[in-house]
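Presented below are the structures under discussion, each in the form of structure tokens.
One chain, subunit A, appears in both complexes that follow, with subunit B as partner in the first and subunit C in the second.
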Partner chain A sequence: MKRCSLYGLTGLILIFVMFVSVPTFGADTLKIGSFLSVTGPASFLGDPELKTLQMYIDDINSKGGIDGKKIEFIHYDTKGKAQEAKKYVNRLIKKDRVDVIIGGTTSGNTLAVIDIVQNAHVPLISLAGSVKIIEPVKKWVFKTPHTDRMAAAKIYEDMKKRGISKVALITGNGGFDKSGRAQCLALAPKYGITIVADEQYGNSDTDMTTQLTKIRATDAQAILNFGFGKAPAIVTRNVRQLGIKLPLYQSHGVASKKFIELAGKAAEGVRLPAAALLVADLLPDSDPQKRVLIDYKTKYEAKYGPVSTFGGHAYDALFITLGAVKRAHSTDRAKIRDEIEKTHGFIGTGGIFNMSPKDHLGLGLDAFKMLEIRNGTWTLVD
Partner chain B sequence: MRLAGFYLFALFTGILPVLFPDSYYVTVVGVTICTNVILAVSLNLLMGYAGQISLGHAAFFGLGAYASAILTTRYGLDPWVAMFIGAVLVGIFSLVLSRPILRLKGHYLAMATLGFGIIIHIFFVQMDNLTGGPDGMSGIPVLSLFGIPIDSDLKWYVVMASAMLFSIWLSLNVADSREGRALAAVHGSEAAAQTMGIDTARVKSHVFVLSAVMAAIAGSLFAHQQSFVSPESFSFFFSIELVTMVVLGGLASTFGAVFGAIILSILPEILLVFEDFEVVIYGAILMAMMIFLPQGLFVTLSRRLHCMFASRFQRTK
Partner chain C sequence: MLDQLLQFLISGITVGSIYALVGLGFAIIYNASDVVNFAQGEFVMIGAMSTVFLVGKEVPYPLAILCGVMITILIGFALEKFAIEPAKDASVVTTIIITIGASIFLRGAALLIWGKDIYGLPPFSGDRPISIGPATILPQNLWVIGGTLLSVIAVKFFFDHTLTGKAILACSFNKKAAYLVGINVRKMLLIAYGLSAALGAVAGILIAPITYTSYDAGVMLGLKGFCAAILGGMGSSMGAVAGGLLLGVLETLGAGFISSGYKDAIAFVIILLVLFFRPSGILGTQEADRV
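Presenting the complex of A and B:
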């Protein structure tokens, strides 16, 4: 038996050695890595992001690449799991040796990998919402989507205009929800708003009438629901089922046609802050974003169907990266990082980006539009 | 000669980083492999040698990881002290648990351990204030050894490989000890073992505690290495994966567990090139292995090789 294990071990070692491959040295290409949640609970975010990246990268390569270099795109699906995100980012950096990383569909996935990219000195552009990603500023980390703090501020601004001062807050138990809830609570005093109820539900719950009944008993003048996925649609339906007539606000987490489909008639009158992409057709021609938005929308819809703002975040991240590479004339990670930080006046789908060493997002509050759902579609409020 | 296989393996793990210090498969995947090997070896003590199935092994791994994470980040304890406390807590916990749970046999034991694993997982998810909930905990401090911070992949490889070798050495020695023979007797027939004068309940609970504590220490190391823990790493599915590692390599063989852990850690990395089909191919490979090598990959392989060489030796004589 002892001899057995000796032979077995020799076999084992031989097999292992075969796997330990020698690192390969790429030709003169720009290597872009990404880790997105293409499947799993956040797939409705990750899927359009990946499609957008692939579509534009193929397009650019067929036209000869960027700055004389072809783009090599390496992608892994994290399934929305933070641990997988860590694993794949390690792989992107240490095995694939990419120059830039785009990704982190969710805040949880992005926050889990910040240490890795900071230590490895690789520029990362996140597609996730939380303000914690860029605050405090991390040297190598950037992001393109509006933050939850901006969403809360935009909602409160609109409430103030309507003379609402007492708000009932209802949020889910996911990372996005929790981070959003914290921002809503923190910003309320600044806008003179009192939170009269602070209810929570589980993101996989199928009924929120209990929480809403409690809210009905308060003197709230509006309900604010911060969440994404299926749950906000259920909240919306429940509000109407209970006959609550209060104005209902949702976050930018529901900014997709799917929400209107799920909530049906109940979605009428719901207000939410969202990127201009959803209402590209309604913008005045003088709006500098209009051309970019329409271009992206036509291109994406011709190939895959209705756009969502999430794919737009990937568009912004990709073109900020390419702009930086063009200006840097190099695939050196540090040079690309410096140039990303200098992004100025870039017109993306999310707004006009002006980054700086202190601001690794570079969007103002005006990048958000306040929308209202009327007749099953988006309309501009202001 | 008794530990020849072990020395060969130790030599191999030692040479790898010298030959390939930059290889992703050595420094990054290698560390994962080491963690999984410790877990598989510890589970094999219980499953392979004592014949007691456990579908909740990931829970002990998780308890160790969270003990380290919570004690170092929330209470500011030294990582080594936290690891020790975690191991002791898990030891006591598993000792208390072992008596009632190990009275069960077969499917009932499987159900009980499965339930235990799920309960612990729910605890990690729901105890927001303590565990950080589904988002997990980050910012776990760096471990340092003799004043040297372990902060690079290569250093982690050295630490984890040492821990792995120690656990293999421990397992080999336990198997060859009096206790190990008692375990084998319990595996064969509990009634027969009792008539031979073996206190089966005691032997079983000892091995259960040893196995749990080894998993807990692996968990502590994992928490520091990742500097991040979240409940998904300790789910029911990981328990199943560990069982698969042990069965795939070959039950009741320490190197079988080692081999199973290595294969199952490295396969997903290699199959990534197939993108969407990776899971299908992975499943097909596992099925094929179990159909054609039901004794386990390692055990069958070493027997075949042995027979091949043995017959050749005889002919030359």
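Presenting the complex of A and C:
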């Protein structure tokens, strides 16, 4: 009994100390707020993001903080719901009075809070994919993940190098597929590419030979499949089954070992763009990103297991923020915002960031690496 | 055009065979109890997933397939014993809702056991395409078509020439009369669930080398199988088979000659039209002649 109450007392004191000590350090802390989808349908994105933020913030605090300031990290889980995202962002701004916000995990969550941060004048760095977050440019909103458009551009660039100008497009009916299809269609003229076939399939379909038979009858020089999950593996196999010899391109949606495993021998020769983090080991030592990627990968994997690009987006957002705070020598929201916008030459896991008043993402096409599957594994093409 | 048509037909018949097997499972349970078993798609998934699991545990492939089917049959029995039988006095609609609940439960259990990953099975006999004129077909497609054909013949034989099969038929016509002539109605229902589960598992395993499987693979296949059963006439097992093949071929022809974006819509419009003009399905009749 006595032991229990002793523990209880210690706990109480600890809580007391925590609550009391924070405000006293108030002026000397940087308050970072975040709202991520750690549980719910997007948990496979939000979970590594939160783990990454916590790991690095603890690490930095144990080394004395940033620019002489300790970081206070306040996090809420939106469970993937836009309504919760709005509620928590309001709380972060009004009650917790954070200096900068990192989140949300999904495009839906981010788009829901843009008006709030714009009106409250709080800098926000989103970890979501949609181009709409930063186009048109919003003064207080930034993001770190690459976009579908960049993946499409990367593919077209590679096609151009190989002298391909007629492309057959085949996509699924999911959100990722549709957005990818729209970007592929929109970008094609810019690269002098004609889309000669635009076929679609359902993501739970079991056979795509029909669509591919139609493609075979066109004069396409390459097939581009923008998809996610098992369907691209079926497409890959069906292409080989029909004896189609055209080069096959996949999107970054299948950039995982699982794809090679599922498609088996049919995957040989398939090309796809992938985030550099997935192929960190393959990069030449001269690649400026290599050290950052290996460091992040080793650190994350030592603590939590296999790394994902999503956690990498959180890494980039955190260090862009910290860089801005360091340059601003202040926790003033407006000053931090200005410095985030001036981020230049920051080497992150997603690529090299060069932000500007016109570009609140700041990634070039080098964010993606073009890969070819050879002998059952990735090979760098460029 | 003609060589395209041949390729479309090949893929249509392969896909249709699977719809037929799933639809047949629907028809058998519907016959025995007037209940539409919405967990039918989950049988497909469990058959494939447990085989994948066993193959991963180094169990020889044919044995793994056999065990996969057995496991699914046991789950079919369990579904009848623990979910359907306790509600034996409930109305048909209530029982159908129970099967929907069971399908969600089975999917959730599969998610917990096997995770969200997608799995594949190796093809039964290589993956070198066979050319038929201008079209190509995979050996596995032949397995699917052949496997379906065998299963359908076996089911037909079971209902037409065995005592148990005839007893199940008797239950479907009139439960009370069947009971009075000494047929154990509950046992027949149990067998019907086991048989449906076995058909589902066979469909799942046959198709897994072509289309892969995951914890939610049963949803769409279950829906398509249900459409096949409706299209052919609910309760007519040969109707379910015909409905399945027709659905598969219509889908691919629609995708091939009209637009792949509207593939499912084309199939569903045709189903609506059939139901509008022949509410009992293409092979269904108002009375009798079930199975």
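Heads up, the rule we're going with is that the second predicted complex is superposed on the first by the 239 of 382 C-alpha atoms of A that agree within 3 Å, B and C clash if a C-alpha of one lies under 4 Å from a C-alpha of the other, contacts with A are read in each partner's own complex, and residues count from 1 in each chain.
The criterion applied here is as follows: contacts are C-beta pairs under 8 Å (C-beta built on N, C-alpha and C of every residue); 3 or more make two chains touch, one makes a residue touch a chain.
All values derive from a computational prediction rather than experimental measurement.
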{"item": "A:76 touches, of subunit B and subunit C: first, second, both or neither?", "value": "first"}
{"item": "First, second, both or neither for A:229, with subunit B first and subunit C second", "value": "second"}
{"item": "Touching partner for A:182 - first (subunit B), second (subunit C), both, neither", "value": "neither"}
{"item": "Which superposed partner A:86 touches (first subunit B, second subunit C, both, neither)", "value": "first"}
{"item": "Touching partner for A:211 - first (subunit B), second (subunit C), both, neither", "value": "second"}
{"item": "Per-residue contact with subunit A, leading partner among subunit C and subunit B", "value": "B"}
{"item": "Subunit B versus subunit C as contact partner of A:112, first or second or both or neither", "value": "first"}
{"item": "Overlap of subunit C and subunit B interfaces on subunit A (superposed complexes)", "value": "none"}
{"item": "Complex contacts: residues of subunit A adjacent to subunit B", "value": "2-13, 16, 19-23, 76, 81-83, 86-87, 90-91, 94-95, 108, 111-112, 115, 119, 173-175, 178"}
{"item": "Interface residues, subunit B side, partner subunit A - complex", "value": "1-2, 4-5, 8-9, 12, 16, 19-20, 22-28, 32, 133-136, 138, 151, 153, 226-228, 230, 232-233, 253, 255, 258-259, 262, 266, 269-270, 272, 298-299, 301-303, 305-306, 309"}
{"item": "For the subunit A and subunit C complex, residues of the former touching the latter", "value": "44, 199-202, 204-207, 209-211, 213-214, 217, 229-230, 233-234, 237, 240-243, 258, 261-262, 264-265"}
{"item": "Complex contacts: residues of subunit C adjacent to subunit A", "value": "4, 7-8, 10-12, 14-15, 18, 116-118, 120, 127, 129, 136, 138, 207, 210-212, 214, 217, 219-221, 252, 255-256, 260-261, 263-264"}
